[in-house]
């Protein structure tokens, strides 16, 4: 049972990291449009990254809400 | 249980793909909130993606059944 | 043996669903070019989807035929 | 050992993604060697990718914690 | 048997990639049948993809062997 | 133990093939820009493929070197 909990936790962690990888992939494409000349995120890039994550999660919630509405319809 | 996990995996992949395509198209520049326009675009896009998924499932399954039937009939058909 | 059959069937089903996912991904890109304003496929999109699947399968068969020809050459 | 493999897998994926994005952007036409300009672009790109990864991790974890808290409080929040 | 499955997996991936690239390039707008022109484009594209796969395999294996030799020789080479 | 060695070798082989697949994917996109009219690589495409692999590996080494520098910093 402890093993099951361990596997569950590790799976969850790995799902989270997977999401972070694909979010970074997508948001880097959306927010970093200039040729990179510094390693830091500038004052436009940093909030763009945050909005990118938050709007993506909003969009995800929209999907779940709509799927739920369809199932109960 | 394996079947249930497969169904979950399938649903999760569909959601991921929807978000990938529709976020790309409907929310090109993410702002501080999702606007009405973005939300309605996203909603249509999501439904259209699911309609596409259904249309393609039907067509694909029909096609592989036709090819299997042709193969069993001894021909090579389908090409 | 029953288990093997079960695994084989499930694997096949999962391969089919995988193909449907990647076909939808590709054909959506090819056939849905306008900003989506309705959830239904319109009279151009619906046949485009069907042709997309059929031509993709034709192309797949071309590959298999050519690979076969190369192996027996 | 499972954890270690997960960390390795994670690092390998990050490296792959960096190379995918930064090779694409900084070395559009691969020549017989990497030029100084390409190397400095690649270096900035790599650091920027890691900064992005960190920013997104923070924001994402914060967001799912907020949603969980909202859910546990009985609301539906976060949308 | 594991080896056989690996080879199958490898071939399947190659076929998928060929179809992805060559369908994209040679059949931009799928019609009610594949035209002669599309078929000949597809055929060349497929061969070219396999030539590329071979060229890249050779170069990649050669490169990692060179790097391993350099490493074993105690240097750091390859960069 | 022999089994472990076998698994290790097979895993390594499969990683190499995975890399070859993604390199081919990327370099085909970079080096083959014209509509394909012949199955052979022409005199521009062949060296482009080789450079693409070598520069990619150089870039990979740059990443590893920089990561190493950050860890020991």
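A, B, C, D, E and F label the chains in the order they appear, each numbered from 1.
By our rule, contacts are C-beta pairs under 8 Å (C-beta built on N, C-alpha and C of every residue); 3 or more make two chains touch, one makes a residue touch a chain.
Not measured: the values here are computed from a predicted model.
Chemist: In terms of touching chains, how many steps apart are chain C and chain E, taking the shortest path?
Modeler: Tracing touching chains, the least step count from chain C to chain E comes to 1.
Chemist: Quick check: more C-beta contact pairs at D-F or at E-F?
Modeler: E-F
Chemist: Let me spell it out: compute each chain's centre from its C-alpha atoms, then which one is farthest from chain E's centre?
Modeler: Comparing chain centres, A lies farthest from chain E.
Chemist: Whole-Å distance, chain A centre to chain D centre, using C-alpha means?
Modeler: So the centroids are 11 Å from each other.
Chemist: If you average the CA atoms of chain D and of chain E, how far apart do the two points sit, in angstrom?
Modeler: 27
Chemist: Residues of chain A touching 2+ other chains?
Modeler: Chain A, residues with two or more chain partners: 52, 54, 58, 62.
Chemist: Hey, what residues on chain B touch two or more of the other chains?
Modeler: 22, 43, 46-47
Chemist: Output the circular ordering of the chains, read from chain A in the direction of chain B.
Modeler: A, B, C, E, F, D
Chemist: Using the touch rule from the top, collect the residues of chain F that touch chain D in their complex.
Modeler: It is residues 22, 26, 30, 48, 51-52, 54-56, 58-60, 62-64, 66-67 of chain F that touch chain D.
Chemist: Touching chain B in the complex: which residues of chain C?
Modeler: 10, 13-14, 16-17, 19-21, 23-25, 27-29, 31-32, 35-41, 45-46, 49-50, 52-54, 57-58, 61-62, 65
Chemist: Residues of chain B touching chain C in their complex?
Modeler: Going through chain B, the ones touching chain C are 2-3, 6, 9-10, 13-14, 17, 21-22, 25-26, 41, 43-53, 55-57, 59-61, 63-64, 67, 78-79.
Chemist: Quick check: in the complex, which residue numbers of chain E touch chain C?
Modeler: Its residues touching chain C are 15-16, 18-20, 22-24, 27-34, 39, 42-43, 46.
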